[in-house]
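I am attaching a structure below and will ask some questions about it afterwards.
In this document, chain identifiers A, B and C correspond to the written order of the chains, with residue numbering beginning at 1 in each.
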Amino acid sequence: MKMTNPADWKGILIIGEINNCRVQPVSLELIGKARELKAGCPAVGEVAAVLIGSGLSGSLAEIEVTGVDEVILVDHADCALFHNDLYAAILKQIIDTRKPSVVLFPATARYQDLASILGIRADTGVAAHCVDIRINEQAEILAVVPAFGGKVLGDILCPAHRPQMATAKPGIFRQGEPVPGHKPKRSLFDASTIIADTMKKTRLLALESSVCAVPEGIPLEKATVVVCGGWGMGSKENWALLGDLANLLGGAVGCTRPPIDEGWMPDESYMIGTSGKVIRPKVYIGVAVSGSSHHVCGMKDSDLIISINNDPKAPIFEVSDIRIVGDAKQTLKGLSDKIREIRSAK
Amino acid sequence: MQFFQFTEEQEMLRKAVREFVDAEVAPKAKEWDENDVCPVELWPLMGELGLCGVFVPEEYGGAGLGHTERAIVLEEISRHSAGLGIALMTHHLGTAAILYYGNEEQKKKYLPDLCSGKKVGGLSVTEPGGGSDFMGQKSTGELKDAKWVLNGRKCFITNSHIADVDVWTVITGQDEKGRPVMTAFIIDGDAEGHTPGRKEHKLGLRGSVTGDVICNNVVVGPEQMLQKLGAGAKIAMTTIQEVGRAGMSAICVGILRGCIEEAVKFSNERILYGKPLNKLQAIQFMIAENRVEYEAAKLLTYRATGMKDAGLPCATEFAIAKYYSTEASVRCAKRTMDSMGGYGIVNEYPVGRFLRDGLASIPSGGTSQVQLLITAGATIAGK
Amino acid sequence: MGLSIAVCIKPVPDPKHYDKIKIDPVKKTVVREGISTILNPCDKHALEAALQLRGSDGAVTVITMAPPNAEETLREALAMGADAAILLTDRAFAGADTWATSYTLASGLKKAGPFDIIFTGTESADGATTQVPAQLAEWMDWPHLWNAVTVEQTGEQTLKVRTKAENEWSDYQVTLPCLLAMSRESNKPRLTSLMGVMKAKKKPLTVWCRPDLDVDDAALGMKGSPTQPGAIFEPEMGRKGILISGDVDEIAAQLVEKLRTAGLAIETGDVCAPGGGNV
């Protein structure tokens, strides 16, 4: 394994994620973090973002106002469907050419796969789903990663290899303040040779792709109010009370893993936690949720945390602003009834 | 004498059964108790996992293990649902009667389906006229045109409404001294005239169905007779003594373990005077007494199953184990309820069910007084 | 000739008890006393997929790189139905990050192979990096897919695989040999039977150490890992909470006040600036 000379590597490269021609918010969050790192250590170099896909010209407005220094476009019809080997080959060449000191990827299903592949192809380390990144004067990054479901955090360094790579989940970092009128440098990367070479290998062929049934209501990560239920709700009948309150407050319903196992919620897209979504709503109301670390990591940065649980020792009370020790069903009903009472009195 | 320890395989077996219990039994135990239903639908899965024919040789479709392993299975299941425990253990009774006393044809005909869980087994012995008074039963078997016609009513029979293979004892005549001659027959559950009767509404062991089974001129061929004429008493007695009481013993070891685990869990979570409940000596003594009783029941049970697996006579040891385990489960369940205060009587917690299941276990497989009579008899005779 | 299938597994501390994990303040290491080790839950989906694809004439080999006591976990996998097990264990492998781990696993798989398919889980319960499947495939120079939900054999050497991303599914055709990281949604792992447990002790379990493998020492363990661990600590998450009590009605009234202060207009269900008043 070759060692690299860190001095030869400069710049922060963000691998942006595009879905249906829309730049995903996580890409903007990573750019926000990268610009923060650059502000802390200008020596690290310029912040560039690369987008791979097809028909990208319409997607650029959002990314340009982030204040990113350069946008690299890989716009090709054969890049329309995600293909891990192809995308990785393209990114490898970009990395080899530009030699960025740091490369950041979204920790989404597809893009963390790319980060893993590039860890081997670029002979370097990848800090997985980090919750924080810091930089020192020598432009060395320190990534903080969770283990044991978030109960333990550890620092990860990549002292002797470049680029230093890390992945981060949507919602971990914040988008920066927009810079209206900002015009970053635009580069076009011609991937046609790489595409031709990869297509010759028929080992993996992308056939088709489709969006799953869109969940009803406000997406969890966008809701200002999230009402989250846990296993203690006890039954599907009781579960309906959560939706009732969420509707009254204009919010969304989320859950921990057991309600999915019980069939009260359809799938993991409603799950809040280290294996699910990280949310930051104005108000989080946890109902019959015990508050294990891996769930708390997914909601701990909510503005106001209210918890209802009949167990006074439930760990969730340690991270709550407001604690109610009581019966979930009754408390929920009481609150919903009270809100309806106030509205009908108007 | 070696000190008591399970083998590595037995620990692995226990772990495998526990996985099944955590997935399929624990989440539903409360519901089965509340609705008084026996989860017959679990039989094929239990068959696949080897739980229905634990001690049956592999050549007949069983798991080829012994009675110690069978006790482990019943203990693990009964930690959460003693009701399912007694239903399965009764299935084992019918299976054991055929395995140990059947001929090759009978074994080949019935054991594979009993082991695979395709069929549910039963053993019908007790009657209104003969429970503790075993020989006082009145069901009859008459030979007519080279076939046997069976008539009678059995009561307090577990699996009464679900058994597909039912082993019955009937009086087929009298010996030269005028004493009743008892014979055992295998009845196919759907045989004409063989029906369940009333269903009992029990206070405990409600994951199982118990009730009457009636034979109204049920005709069976001589190939359905187990072993030979007059062997019925021995077959029934031995099966109940060594497989039935063994089962009840193991079931109550499961209940005992449940009592301890629930008591420890509750006393860790409940805060009183600013500290967990189990910082109080009164509670500590309750937990300790439960522990002592659990260890004793466990050792008595597995000592007896070990003897059976070694081929040693063990009727007395099973009587001792069954008497102790069942009575202890009631004492410990009450103790656990006491340690939980008001919460002990709230049905959100399983402890009330443990108490009821323990109470119902006591008269199953012979009352405690019968166990004491057996123990006294052996002790006085110097055995 | 049936398929020759390998499954990578990992023994992990039981995730149900992660809340009990502490950090030793003196040694600065993770203390996981009293927490039993189990087969990584995600890996069971991989093993189940392998057992389903094996059919009547294939063979499933489970492999792990772990401390010596991983034999117990391998026996569990054999009890579940795998045919053979391999344990890669050596002090030289310890402290490996995903780069060095996948390198070592690849070496063991190449020695034990050739295989037609390698199945893995998507992530381990303890580290949860999700990186080993892709990196292992890279060392094998095989195509791979992460988070597969369905696998269908469409030809002698081809599979049709559906993977799931956050809200999209994608179908691929992949040629053997390949590596598939199976999703939690892909199947329901079978329970272990008593017969399986008894058969497990007779199935072959091979142990390979450093000398048995064709590997470069510089690429092993902590020395061979491009990422290096720094300090470990428990996250700061506490908040000073206030307790609201009373009967159902009183609690509801107090909650409504708190929500108002947080900026929710209770009367209309809108969100406004903290303290009330629409912006």
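The criterion applied here is as follows: a residue touches a chain if its C-beta (ideal position, glycine included) is under 8 Å from a C-beta of that chain, and two chains touch if they have at least 3 such contacts.
Quick caveat, the model's predicted, so the values are computed rather than measured.
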Centre-most chain [mean C-alpha coordinates]: C
Identity of the chain that, by mean CA position, is farthest from chain A: B
Two chains joined by the most C-beta pairs in contact, as defined above: A-C
Chain B-chain C separation of Cα centroids, rounded to whole Å: 40
Inter-chain centre distance, chain A versus chain C - centres from mean C-alpha coordinates, in Å: 19
Centre-to-centre distance between chain B and chain A (centres being mean Cα positions), rounded to whole Å: 54
List of chain A residues in touch with chain B within their complex: 311-313
Touching residues (chain side chain B, partner chain C) in the complex: 9, 12-13, 15-17, 19-20, 23, 45, 48-51, 54, 58, 63-65, 69, 73
Parts of chain C lying in touch with chain A, wherever the complex brings them together: 13, 15, 18-19, 21, 23, 30, 97-99, 102, 123, 125-135, 137-139, 142-147, 160, 163-175, 178, 184-185, 218-219, 224-235, 237-245, 248-249, 251-253, 255-256, 258-259, 262-264, 266-267, 269-271
Sites on chain A touched by chain C in the complex: 1, 19, 81-82, 84-85, 108-110, 112-113, 115-117, 119-121, 123-129, 142, 145-161, 202-212, 214, 224-225, 248-250, 267-269, 274-275, 282-283, 292-294, 296-297, 300, 303-307, 315, 317-326, 330-331, 333-335, 337-339, 342-343, 346
Chain B-touching residues of chain C, taken from the complex the two chains share: 75-76, 79, 191-198, 200-201
